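Residue numbering begins at 1 within each chain, and the chains themselves are lettered A, B, C and D in the order written.
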Amino acid sequence: MGHVTTVTATATTDREIRTPAEVRRAKILAIVYLLLAALTLWAFGIGSEGDATFVISRPGDTFEVGNIVVPAAGLAYVVSAILAFLGARQWLRGFGSRTNLVLAIGLGLFALSFLAWAAAGTSFSLVGMFQEAIKRAVPITFGAISGVLCERTGIINIGIEGMLLGGAFTGAIVGSTLGAAAGMVAAALVGGVLALVLAILTVKYRVDQIIAGVVINIFVLGLTSFYTSQILVENQQLNDAPIMRAFEIPLLGDIPFIGPVLFDQNIFVYAMYLLVAATTYGLFQTRWGLRTRAVGEKPRAADTVGINVFSMKYWNVILGGLVAGFGGAYFTIGSVGRFDENMTAGRGFIGLAAMIFGRWHPVGALSAALVFGFADSLQVKLGILETPIPSEFLAMAPYLVTIVVVAGLVGRSRPPSDYTAYVKE
Amino acid sequence: GGDDDSGSADTKICEVTDVGGVDDKGFNASAWAGAQRAAADFGADPKVLESQAETDYEVNLNSFIDEGCDLIVTVGFLLGDATANAANANPESKFTIVDFAYDPPIENVKGLVFNTDEAAFLAGYVAAGTTATGTVGTFGGINIPPVTIFMDGFVRGVRYYNAQKGTDVQVLGWDPDTQEGSFTNNFESLDDGRAFAQSLIDEGADIVMPVAGPVGLGSAQLASELDGIYIVGVDVDGFEADPNNASIYLTSVLKRIDNAVYAAADEALNGTFTNDLYVGTLENEGVGLAPYHDLADMVPSDLQSEVESLRDDIISGAVSVSG
Amino acid sequence: MSDRPDLPETPPEQPGMSSFFKDLTGAGSQINWRANVLVPALAILSALIAGGIIIAFGDLDTLKLWGSDPGQAASDTLNRLGDSYVALFEGAVGGLGPISETLTRAAPLILAGLAVAIGFQAGLFNIGANGQMLIGGMFALVVGFQFDLPTVIHIPLAIIAALIGGAIWGGIPGFLRAKTGAHEVITTIMLNFIALRLVDYLLTVEFFQLEGRNDPVSKSVLDSARYPKLIDFINARYRVHLGIIIAILAAWFIWWLLYRSTIGFEFRAVGANPDGARYAGMNVVWLIVAVMAVAGAMAGLAGGDQVVGTLGRATPGFVGVIGFDAIALALLGRSHPFGVVAAGLLFGGLAAGGQNMQASTDVGIDIVQVIQALIIVFIAAPALIKAIYRVKADTEAAQVSQGWAT
Amino acid sequence: MELELRGITKRFPGVLANDNVNLTIRSGEILCLLGENGAGKSTLMNIMYGLYSASEGEILVNGEVVHFDGPGDAIAAGIGMVHQHFMLVPVFTVAENVVLGVEPTKGPGGILDISEARRDVTEISSQYNLEVDPDAIIEDLPVGLQQRVEIIKVLFRDAEILVFDEPTAVLTPQEVEEFFSIIRNLKADGKGIIFITHKLKEVLEIADRIAVLRRGAVVGEADPSTATEKTLAEMMVGRPVVLTVDKGPAQPGEVVLEVRDLDVLNVHDHLAVNQVSFDVRKGEIVGIAGVQGNGQTELVEALTGLRESVGGTVRISGQDFTNASPRQIHKASVAHVPEDRQRSGLVLKFTLTENFVLDSYYDEPFSHGIKMNWNRSRQEAERLIEEFDVRTPSSEVMASNLSGGNQQKVIVAREFGRDVELVIASQPTRGVDVGSIEFIHDRIVEERDNGSAVLIVSSELDEVMALSDRILVMFAGRIVAEKRPEETTNAELGLYMAGSTSEA
């Protein structure tokens, strides 16, 4: 009967058919390309004169590299032509599995043309901007990885924002009193404790996961604000942590452009690289990873082969909390040494978006976080290139990007988990 | 209401903060410092109510009125209306409001405003004379007058220097003519302080004036990690307010809110209270330029003396800062 | 048929309070006091206790004292707590003034709470009340200062504007959720930030700014559009205004909508079982947009309450954190409109009381935030309460989320 | 080895699922466990497998009392289970699923040794001739193969006692035969086997011993050599039962449902319904037979507006209803009994009244404008409860508090309660006890005789045979055969269901 059933194998046929939904989405995407093309042409091309000078090395780099000079208008014409082509091709054939890649490239080109327009007539430092982009991606990445760890075991962690904030707060206080190292450890631990609370609420008491997460956010925000005004204001010495300085990695740091951008950063950035590598390997190459994903995808199946679903969930969520807590320390120990009320300003949620954008994969999460970091550093940069765009709108950029990304991609990405609370009689 | 008897007998100096809170390292804080100093000197006790939201102003003012405060200090334009209403409803209480002026003036309210641009002008002049890269920068918290007046003065100071010396020192981050520039859009994120300073530095600025309360501390932090980068502090003397990074404050644009509040308290508690508008100027030292402290030898002595004479010219009106 | 239990002889339900209780108790036949009254009450109690501990830790001097003189420290701490909570209580209900203040603060809380509760009822988590309030407020503002009309027209017009503004800002995430599966939790939060910046910007625009000033303070709403105060004839300071009445009417309307109208039936069906709703021929996509729009409209009304009611103008971030308190409030009210009213009054009291507590003791006002968060923890996990107090209540934890993608 | 369950009792909120059950199983024998839906069979097995913990009673292995904290312990004790609903991770490969929980690792930090896993799988499959590709992704495999993976999983953990919970429910008769030969091998290999089913024929064919459960209690054991289907059925239900549906011949009238060249995609965007065409006439019952997952679900969803079709047309009473909305189709007086009552047929958190008007609330008399008329709705609810004998204390209890069968009755009542021209019912009696089955079958025939066109989709071959006037067999998204029940046999249909195409 073997052969009989193999006939049954899949009810597919050679006839290639796309769902109406797919077709619709493809067309919409195509229209987006065309609009971008038009915008590029009209806003950045026509009537903009002057060259944009992109500085891609810093004084004192081992290898000084010349600046890139591009005519803003010219670039705009080229880019809009390419975008138009992509749009047409998208409409007619689509890009199949490479759709997202192409989209990323398209948006990248658009951003480039935008920069050239903004910098037309002046010069500005790409190195600086990308360096900043990496820095700003750090807490987002930690948040996103924390999300990946939790969601791969079937727990949505909306509480990342709170865990970051808790980590920042603890990092500041413990860092001020016992030193940076202790501060980072303590920050991670606090994240872990908050995660434990999340785990208990969702796994043991089966509280709605999103409610539980939001509770953690509100609670941490209230608590840190309360103690900030109650204690830190009078006792500034408690809010004055040592700061991790950037240090250049030998050799790697000397590579033109790449070097200063990637390898002249502080410990948190390097920790981020390690974390991404470690989680990727762990999730997909180890026993722990296999079990974690099994528990997320189908808890009862894992249970029936004797995997302790609950403890897997607990440990992974706690692990996620440790990651988020440590990431939170970036805001204080990794950046300015001082805690301020609600200083995470929504980075935790952007981290969630990055996780989704990154399809619950650590590397994806990192890339997504870099996109947000870029948007974020872009708005900083644009403020000083007298663009006609009001700063309030520039400040919206990261949030707008988040919405666009989530709306554009989550629809098509399937979460790796069954998020319903696992019940065991 | 919020009346409790504890010490309603003795005199009180009471501050209602705006939503920034008393620990904003900005004008709420310096007003509070003035109130506390006055309270100490005149044997009153200082009280503060933090406002969490717009809706709190009225209530906070009322509870202080009920407490019979001898002077109620309110801070910032956000409290403009609330203070006016409270003052009109309670003619017997005395008020003073920071960074706000009524016209026509209200009987029992003393407005405290500052020609910060006079001092910022001097700072700009110093910066222009000190920069090694020929580029200086500034950024603000939110695009509102109390902030941008610093930036106006700073930029005009630089331009004045260029005009005098025929140099071409650039100022990044603010254009007094279009009133657009670089803003963090918050007064909290020190990380933004770093980022905004960094991006100015990337474009070659070596002297940065952050006008965003505590956000500036981030910039100072960054400067202390790099070499050849200096900060111009605002409101208070960064050298004292931020001891960790004291050494990188070239100077600071002083806005002596504390002195003004102190003076108002003095009037209120010693029966000389008037509603005459107080305008802090270089002349009455309501605004000023902080000493160069450790960096004194970085500022050439002739530049220092030019600054001195420039101050006199501004006071005398020979030089206009609103250029 | 013989072994089939007889139906109770109760006559068919009449709309009204009895059915209100039925709604309140899910669909159970008799009132579930334990689940809907006792547990929330205990949750509040627990939150106050936990809050007390947190307050105690907020006082370093006393903490140090524990080492040297525990007795003294203990009594200090207790006094401090005593004073704090007494002040809290007095500030909430200690006289006409406090009550007026409580009601003033309850109004926007109730409306924003409805905005969240409607979402819950339909299985959507609307964290965007703050943004929706801001936009609704700005809409009302424009009507408020732009047109000069007789009150009877002006106020309703401002209200409509607020509803529209909020509905738009709420409808966007609804649309995104329905069409692209973008989860409303993320989109609404992002829209909060965006609304905040948008208001900052608008307040720098000539059209909105107060004549002759360029502070980010809007023109003042004309008196003809201001909600009339209710008891200011007793004391000019009693600022409770029409808003509270509007809030209660809105709650009643939402109750009617949810439990007496076909639309509400669809809302609840989508929330309880989207597949079932589709099977039953409901247009789930449209419904999600509609739910979020209605929710947004309620939040918009809350924003309007602030602008044309309490403040009379707009300033940066003029709604504070009401939109977030609303989440706690909706959970506490078990997402039932009348429960929301009760919870709103409670939180209004907490806010007014917290104000007073700050004024008469040195306990910072953020503690109110903490207490509210604690209340949700306990509400969200009734099992917790049951475990602590050994209550037998068949409450199951509130469920709202439907995973990420739809 | 010998495994004994002693005095096992299991209570769920509101249910006594197992009631003081005693049971013994030894190596080298096949014990059949028989019982209607909800009799407590799965529960009992889950307890034996450490998934549930018993409220009372104990488990003994070779006379020793053992205590299972989880499946891990049971597995260690040599117990293996193939669950009623497969316990495989859909996105994992066969190999990953087999080794999950006992993964071979290399080096430190538990690095997976997947090639080792692959070898183990191929080894076992060759030993018991259960060929399957170790690298195939589970969700791409048909149920038949998925079941093999489950068996391999159990053998990989070298279990001595193997439990199969309704393994044949999803198999064609041929696959069943294949499966039986597999478990005969296992038995010969000295394994003890517990085999759960509702299907009396199978029991008589394979069992060494038979134990019957009713309402959670063992109501007796039977000897396969002496027992007959009828006696077993009576033991199961506790009263005499009619095993056939009595219905007169059909008088087909004009075409009501007309389907032409219909193409429908499944969730994975594979073509699940492929160029399907058929008619259903007034006054006839057309039954669609087929192994689950051959496109029946997608077909019904397309017909009822729940899924967009990508090609072909659907006409109802002459009008075009291709990709019409569920509401439009409902208005065309079509009744739809959905495949999964809990997922789509009911809103469990709603009262019965609300559920009874779930798809007709939008119209008079249940609503006027946007105002619901709850009094009227409630009267309707009570009428239907009365007429369809739904066992419930009142019309105001939540649907979730009803038993599966009664929940099904609620749906049937709602859909048949109004006069309709077309009835589309999938798995109308799934998870429903024999008593209710009789009832629902009678109602379906009654609808036919009242002149409705009826389309039945069921994976229960017997049900299709009993009800249908015409039978269509679906395989791999195509209609591969059309037969009249009187001119065919289970065996023949089974062949078509397994993919051998019609030469008729």
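In this text, a residue touches a chain if its C-beta (ideal position, glycine included) is under 8 Å from a C-beta of that chain, and two chains touch if they have at least 3 such contacts.
Quantities reported herein were computed from a predicted structural model and do not represent experimental measurements.
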Contact-richer chain pair (by C-beta pairs counted) among B-C and A-B: A-B
Farthest chain relative to chain D (centres taken as mean CA coordinates): B
Whole-Å separation of chain centres (CA-atom averages), chain A against chain B: 37
Whole-Å gap separating chain A and chain D, where each centre is the average of the chain's CA atoms: 44
Where chain B touches two or more other chains, by residue: 50, 143, 185
Residue list for chain D, restricted to those that touch at least two other chains: none
Contacts with 2+ other chains: residues of chain C: 197, 200, 204, 364, 366
Those chain pairs that satisfy the touch definition: A-B, A-C, A-D, B-C, C-D
Residue ranges of chain C in contact with chain D within the complex: 1, 4-5, 7-8, 12-13, 15, 19, 22, 26-29, 260-263, 265, 268-269, 272-273, 275-283
Residues of chain D that touch chain A when the two form their complex: 10, 12, 46, 49, 51-53, 70-73, 75-76, 81, 83, 87-92, 96-97, 100-103, 105, 109-112, 131, 140-142, 144-145, 153, 157, 174-175, 177-178, 263, 265-266, 269-272, 274, 291, 293-295, 308, 310-311, 475-477, 498-500
Residues of chain D defined as touching chain C within the complex: 304-306, 325-327, 329-330, 336, 338, 343-351, 354, 358-359, 361-362, 367, 370-372, 374-375, 378-379, 382, 385, 389, 391-398
Residue numbers on chain A that touch chain D, as the complex places them: 1-2, 4-13, 15, 17-22, 285-291, 293-294, 297-298, 300-308, 416, 424-425
Partner chain A, residues of chain C touching it in the complex: 54, 57-60, 125, 127, 176, 179-183, 185-187, 189-191, 193-194, 197-198, 200-201, 204, 324, 327-328, 331, 363-364, 366-367, 369-370, 372-374, 376-377, 380-381, 383-384, 397-401, 403-405
